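Have a look at the structure that comes next, please.
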Amino acid sequence: MSSALLWAPLAFGLVGLFLPRRAVGPWAVLGTLATLGLAIAIVVGFDSGSSGLQFVVDEPWISGLGVDYSLGVDGLNLFLLLLTAVLWVGGVAFAALREQERPKTFYFLMLVAETATLGAFLAQDLLLFVLFFDLMLVPFYFLFGAWGHDRSGEGGLTASAATLKMIVYTLIGSLLMLVAAIATAILAADGGNITFSIAELAREPLGEGSQRWIFWFFAAAFLVKMPAFLLHGWMPDAYRAAPLPVLVVFSGVLAKVGAYGFLRVVLPVFPDATVEFQEVILLIALASILYGSAMAFTQTNVRLIAGYSSVAQLGFITAGIFALRADGADGAILQSVNHGLVVAPILIIVALLLERTGSEDIREMGGLALRAPVLAALFLIVALATLALPGSANFVGEFYILNGLFQEKIVFAFVAITGVAMSAYYALRMYQQTMHNRAPEGLMSREIGARDGLVLVPLVLCIIGLSLYPQLILERTAPTVEKTVAKVHRDEAPESKLVRK
Amino acid sequence: MSATAWAWLVLLFPLLGSIAIALGYRALPAKAAGIIGTLSIGLAFACGVAATISLLGDEPHSRHHASSLWDYASVAGLDIKLGIFVDPLSLFMVLVVTGVSTLIHLYSYGYMQSDEGYHRFFSYLNFFVFSMLLLVLAGNFVLLIVGWAFVGFASYALISFWYRRETATKAGMKAFVINVVGDIGLVLAAFLIFREVGAFDYGTVFERAPEVFTTNEWTITAICLLLLVGAFAKSAQLPLHTWLPDAMEGPTPVSSLIHAATMVTAGVYLIARTHVLFELAPTAADVAAFTGLATLLVAGTMALVMTDLKRAIAYSTMSQIGYMIMGVSIGAYSAGMFHLMTHAFFKALLFMAAGSIIAAMANDQNIDRMSGFGKAMRFTSITFVCGALALAAFPSTSGFFSKDEILAFAEARGGMYVIFTVLGYVGALLTAVYAFRLVFRVLPGRPCAEAQELIDTGHVAHEAPKNPATGEPEDTDVGFPGAEHHIAEQNWPMRAAMGVLAVLALVGGLVQVPDVDHVITNFLHPVFEASIFEHIHPSPRAEWIGLGIGGAISLLGIGIAYYFYVARAELPRRLEARLRPLHTLFVNKWYFDELIDFLVVRPALATGRFADRVFERFVVDGLVTGTAETVRGAGGVVRAVQSGFVRSYALLLFAGFAGLALYFLLAS
Amino acid sequence: MNFNEPTIDYAGISPLIALTVGLCVVLLSAVFKPFKRSAPLLTMITLAAAAGLLIWHWDDPKTLITGALRLDDLAISISLISILTAAFCVLFSLRERATEEAGSGEYHALLLGSVLGMVLLAQATNLVTFFVALEILSIPLYILCAANLRREGSLESGLKYLIVGSIGSATLLYGMAFLYGGSGSTGFGGIADGIAREGLDGDPLILVGIAMVTVGLAFKVSIAPFHQWTPDVYQGAPTPITGFMAVATKAAAFAVFLRFFDVALGSQLDVWQPALAALAAISIVVGNVGALGQDSLKRLMGWSGVAQAGYMLGGVVVVSEAGTSSLVFYLAAYAFMNLAAFAVIVARERETIFGDDIRAVRGLGAERPLLAWPLTISMLALAGLPATAGFIGKLYLIEALVEGDYTWLGVMIAIGTMISLAYYLRVVAAMWMRPEGESAPGATPAIAGASPEADPVDPEAGRRWYLVGPALLASAATVFFGVIPQPLVEWASHAGAALFG
Amino acid sequence: MSIEWYIVLSALLFSTGAVGILIRRSPLVILLCLELMLNAGNLALVAFSRMVGNEEGQVFAVIVMVVAACEVVVGLGLIVAIFRRRLPLNVDDLRELRG
Amino acid sequence: MEEVLFFGSAIGALGGAVGVIALRNPFYSVLALIVHLFSLAALFLLLTSAFVAAAQVVVYAGAVMVLYVFVVAYVGGGGESAWEPIPGQRFLAPLLGIALFVELSVAVLSSSLLALGTDGPDVEAGFGDPAAIGTLMLEKFLLPFEASSLLLLLAAVGAIVLAHRRREANA
């Protein structure tokens, strides 16, 4: 099952290379839909009670090096897999509705990217994880570079320069992570035969000293990918260069892999270091929240607003994880899914706005709601979810995160929550400036087309559905999270407070 | 059928109405939308009544029921259900909200007819009612926050209903952001409660609170203060009130429903609902009370000088809510809720009347330009006066009894609380004055152009309307009342709504006359019976004395108003000239906007700009480019050494050789 | 006077005989008119025969001719790599200008000679054989580099290589003399015993000897700071020869590096280990940094070769079975990656006027996908991105390093890889992405293309089977062993076992 | 006469050769210098072979002579080729390849 | 006596070497090298390696040098300009030379190998004579010996490739 899910997109991609140009697009959509089907099947078949791995595949891959091909699904990655599948359908379908140059290569790369991403989520072998983690970038390097926008005219970078910046910057982290992973395995084995199985490595942690530096190598990789404050240098240019359908999946999913990595690898395998550096990471997270928000409300380019808001959101997620409490981590996972579900529609809407106004600058838009009430309504819902209006699943996510943080480190929580107020401002501002107020001279808006609606509406429905019943995710996530967090010996049941009284 | 079942239906109908109207925005004919909207609220009201009846059916002590549909988010020790809590208090709110809303929907049905955004309007309005009901029925703090935020959003959506108006969208944003600040207050309060009590739902929290907290311990105080942040933001108390006057950008029915009758009183409800906590934190309660007092006075002064009809009424709303907050925080719960109800009646009425006048003035809200509507719009004027009388607490009107009960209670509590009584009466004087200032400036006198036209032709037609704030022409296509206006008299739904409210405003107070009957007190008694203030009861004598004073003051106020604005109409100018600084202070709303702008908005934007212009470029990007440059520089060096001279290669080779040999020699 | 002739295991030296015979035949073929064109074919046959004979000896190690040679799996695997490379080189050389200049027969004879030298070197177990083999390897290369006599660059590279190379050999010789003096023996084993017998552990005489041998070998595998000839020679030499040198020479030299240092000088380990590690680090930095912004692809490969040599030296530094195996694995992978690249370079050099300038590959993705994919894969592999043999190779090396307590060198490899992305991906970008700001293709021809001695353009070169075929083959292998590395790992581990088993 | 003397002498010759390569520009002379270095090696080999009392070093030396000869042949060949291409016989002028 | 011979030939060898690198005209350099080679042969004799000495004289002074002379004559060894294009080269080159010399000698002199200080063990008559060398070559060093012959072949081929006068046909 896991293997099927993992390889399905790639298989479709390869076949696609031999189809006529016109057929590739629909075929790719079909592929993503099939993958989605598998993902849903997994969610359905998932036993929400158990905290262990399910749908496990475990074959020796490079026995000489102790690397196994081992996949598995548990509460941590279940819904991230689903998210991946969903967003890829959205992105690919949206792309398929438009003319793409060199379509075969384009869709091939898209599907390769999906496989790589799913792999990163599925991998239960540390090295396999690292492998997919790096591999993810490669297709995006091409997609950004070859199908991206040249911004050198407007004081930015060329597509290829931007994408180079992106990949070098993000690989810096991942390559160090490779060394770190190997070191972990070998130190853990010491002398014995090497294994990279995460579960094995988690069994008994390394010595304090080695945990310290290895922790930072991993953290670097994940923080860059997110991106976290100070390490987000690659983000603006990449976001401006990226073709929107690709950005949909990129910003919707890839960032989450970083957060996921913390939960999957860092907490279980380096518990002592995690506890030791909790504050440091939390500080970085806070900085990301505040800085991301502050930037988001100075930006006028819609992509960048989305980009910086992601920085802030990932800040929240990181904070939730490093609250090192079950509720925080639960919220983090829920929020990862939510953020994916809101950022994707936003970017699709950006694309639609671009087609209508020929601009991505909110100063050059306005009054679109008049001719496009439905589009406006959809945008409004998404915007509200983005600012985590209570009642949205995003609110539940942030509520859990902040509650965890609050109970663990009250001061951090107070600082973090200011980010919520800021998000209200920039999200609403983005909506107002585009949809409300007076339209600039000669700006002709038009209603969303039925086929685009077919892409956008389901995503919005996902948001609404999840808002009505976030428990869907939480209850399946909780058991594994409990176990994971218990590893760092910091998990206090909230009731314990009452005992004091 | 149980009370809770009815309560669920109360929630259901408005929601369905809203969704139905929204989805059918193309299919449905305009009238249909209005009818659906009004009916759904009407049904909600009916269900509310039914719920009340079935609740009254059971024992006074067991008149509270919790019910939940499904686990909303319950893991990791947090237990958050989608649940409601039905007790007299929540049902009281339900009745007030649905009742007034029904009338206002009816009014809007006529008032908004010429408006393009008719569907949108009713969809939003229904959604608002749903949210408000969710707020009052919520069974735990999380759901309370949800409702809290939903009404905030609905208010935003309706304030910026005419979204092509810059002023409207700005006002909406302001309202929303300030309300989010309030939400944050609630959220933090919830966290703290969870940390101490380990639960979110009312039942558990209120039950455990007494044993968990010792009176005035810092945690409980913190909790209450945080709750107050939420309450103040929603109920436009100082210093979080600045959004309310701006909110008047919205259509008048909105102002009357959300910003007078229902939403803004949520803060009062919150305090009443969490009175268990507040009674454990007297300090916080006093803070609330004094804030209420301050607000009622400050707002009163502002209302005195405003020349914008709706804004003036808005300030009066603030000040009235000040009374309520004051009341519930000093323990006069039923009194506070009573005033909440009466206020809902007469303030909604005032807005409606004002609405129809403003409509006749083609959205010009400046009272300096109004006069003589007494003749032009008899019905409207009558209702307006009814409202004004109630507001001014004219004897036997609703406001007369409710306001007085609060002050009497304060007096009865004695000690420093007498201050509230005294200053409360001062506020009352102000109220009477500004209320009748409006009356006397608008109704009597020589009819202004519009009024005259109305008298002559029976209707008014204007050229394309202008935004009074900016003077730019409105584009009617986004749904702004077109040139053809609907005057209250000529439109039965509006008349009906105003008529009913007028009656209620006049006689609504009779449900609670000292010594005579205590309908509300009795109804709410089960909720507050555990309250530590339960024993405090102003003696009937004191109450009647209070009533006497109250009546006198209101008459005095009306008299002053008459003297200033009718008898010697030139006096106000002179007075202004005399008290120039005071006047400017009032006119500029005590400079609160400027203050907030200076303290919050500017710094935030400055930080953002700094981050964007400086930090991002030099630090963050510098990090990237810097490294890149260093590496590239190194490359330059290496390639410079690669000079192409084979002999220099040889040189380097030998140098390396020498170096290596040296190392080995040293190592030997 | 009597002498007892040594026992000669003809089976054991049969590969050498095959090569020698083949060499002579090819040489003669040049003389007889009818066979003029058959030289490539004969060469291929010879190589095939030699390869077959070598494989025949797989897994039964033996010492040949009075300890002059040691035919074990290390020797065999390395020899196979050289032979494979040579075979590709033969294909690249078809229709190559240099071949005609030198005369097909002579050209191929020299090539075979060089291969013979490599096979010898890989087996050499005494100083004399070592030295002679090294010369047999080098001298033909001096000539082949200069073979394109019309082109000044070719001659220059030949002369430079000769001069610097001879300095290298002289130094090497002098070092050998010292070691011989110290130990009184020329056999590797004898040296080890001699040092022990005379009690010369850490004696200056021995150590300086080692230093000089190191210089000689480091020069051959182009380790900084003895690397400077590399870029120049690579750029100047006829491209097929460059490809051959880049891979085969490194392989052979590393073979003897391993054997000599691990067998003869194992006892002096603790002295030379840090030195080699330092050299490795230096060349990683120098190589990668030097390659930045190179416009000549051959030159780029030269610099990258320096860096790669640095990575590989790591395999020698940690004197361990894992180290040896990883090095052999990496060499094999390196062969595939490089050959794919060079096939494309040869093709473009012949069909465009840009020579080996990067502009020659611009827009290749659209124009010649069958060339673009191999070059892309090879670049990504060299950059060590996942799903390629390059990634597994690095993984293997780093794992060996960490096991050998040289984690910091592993980190250096990671850092080097990051830098390397900048230039490898530049090539990829040129192929797939819109050109950066610089002048559009065709504006000014490259230095190489412009010079009067430009080779004639063959517009069909990009379709020739003998270029496209190898390119596809090599890149396919790169990917294959990236996905299913197990067989190659097995194979390499034999080589490792040969020294330490 | 102790062996050290011979070795030191060879070292001196070796360095001389090295210096020669570094300072001379004519490829011919550079070849000669290479010869010097190789011969220094030879001297060392022979001396050591005398010291350790087996002839292996001498054999090595002889073979080195062959190698040296080959290098010379190839080198001279190159020089001739360069001369034929009418290029300057000066290694400093052969620097088209650099950077 | 031995000292005299040693120093005589040593001076000869060294002088020759210095001559090679010092003389402007390549032709003289060649001659200097010949001097060097002969004195080297003498040293070999002192080290009782007759065969090597002989080979030295025959192969080098005989064959190779002749080749040199021809080539010099062919290309015309013009003297080279004294101008040094590479900054620092003229200054660093001798420095490095000295450094190398010092390091190498230190390595030798400070070595703990006692035999270095001796004249070497006294050896029986046949030591280093053609017979002994030949035996070694055909027994122990058979392969290198053969290989070197192959090397000669390759070198020859190379010389042809590089130096043969190309028929303009295939140019």
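For reference, chains read A, B, C, D and E in written order, and residue numbers begin at 1 within each chain.
The criterion applied here is as follows: a contact is a pair of C-beta atoms (placed from the backbone, for glycine too) under 8 Å apart; a residue touches a chain by one contact, two chains touch by 3 or more.
Small disclaimer: the values here were computed from a predicted structure and weren't measured.
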| item | value |
| --- | --- |
| Required minimum of steps from chain A to chain E, each step between chains that touch | 2 |
| Shared chain contacts [chain B and chain D, defined touch] | C, E |
| Busiest interface, counted in C-beta pairs | D-E |
| Chain closest to the middle, measuring from C-alpha centroids that were averaged per chain | A |
| Centre-of-Cα separation between chain D and chain A, whole angstrom | 64 |
| Distance from chain E to chain C - Cα centre to Cα centre, in angstrom | 30 |
| Separation of mean Cα positions, chain C and chain B [Å, integer] | 79 |
| Between chain A and chain B, centroid-to-centroid distance (C-alpha), Å | 37 |
| Residues of chain A touching at least two other chains | none |
| Chain B: positions in contact with at least two other chains | 639, 642-648, 650-651, 654-655, 657, 661, 665, 668 |
| Multi-chain contact residues (two or more partners), chain E | 85-86, 89, 92-93, 96, 100, 103-104, 106-108, 110, 116, 140-141, 144, 148, 151, 154-155, 158, 161-162 |
| Chain pairs in mutual contact under the definition given at the outset | A-B, A-C, B-C, B-D, B-E, C-D, C-E, D-E |
| In the complex with chain B, residue positions of chain D that touch it | 18, 21-23, 25, 91-92, 94-99 |
| Residues of chain A touching chain B in the complex | 165, 169, 230, 232-234, 236, 291, 294-295, 297-299, 325-327, 330, 367, 369-370, 373, 377, 384, 387, 389-391, 395-396, 399-400, 402-403, 406-407, 413-414, 417-418, 420-422, 424-425, 428-429, 432, 435-438, 469-471, 474-475, 477-478, 481-482, 493-495, 497-498, 501 |
| Contact set on chain D toward chain C in their complex | 7, 10, 14, 17-18, 21, 27, 30, 34, 37-38, 40-41, 44-45, 47-49, 51-52, 54, 56-57, 59-60, 63-64, 67, 70-71, 74-75, 77-79, 81-82, 84-85, 87, 91, 94-99 |
| Footprint of chain E on chain C - complex, ascending | 1, 3-6, 8, 13, 20, 23, 27, 64-69, 100-103, 106-107, 109-110, 113, 116, 120, 126, 128-129, 131-133, 135-136, 139-140, 142-143, 146-147, 149-150, 178, 181-182, 198-200, 203-205, 207-209 |
| Footprint of chain E on chain B - complex, ascending | 643, 645, 647-648, 651, 654-655, 657-658, 661-662, 665, 668 |
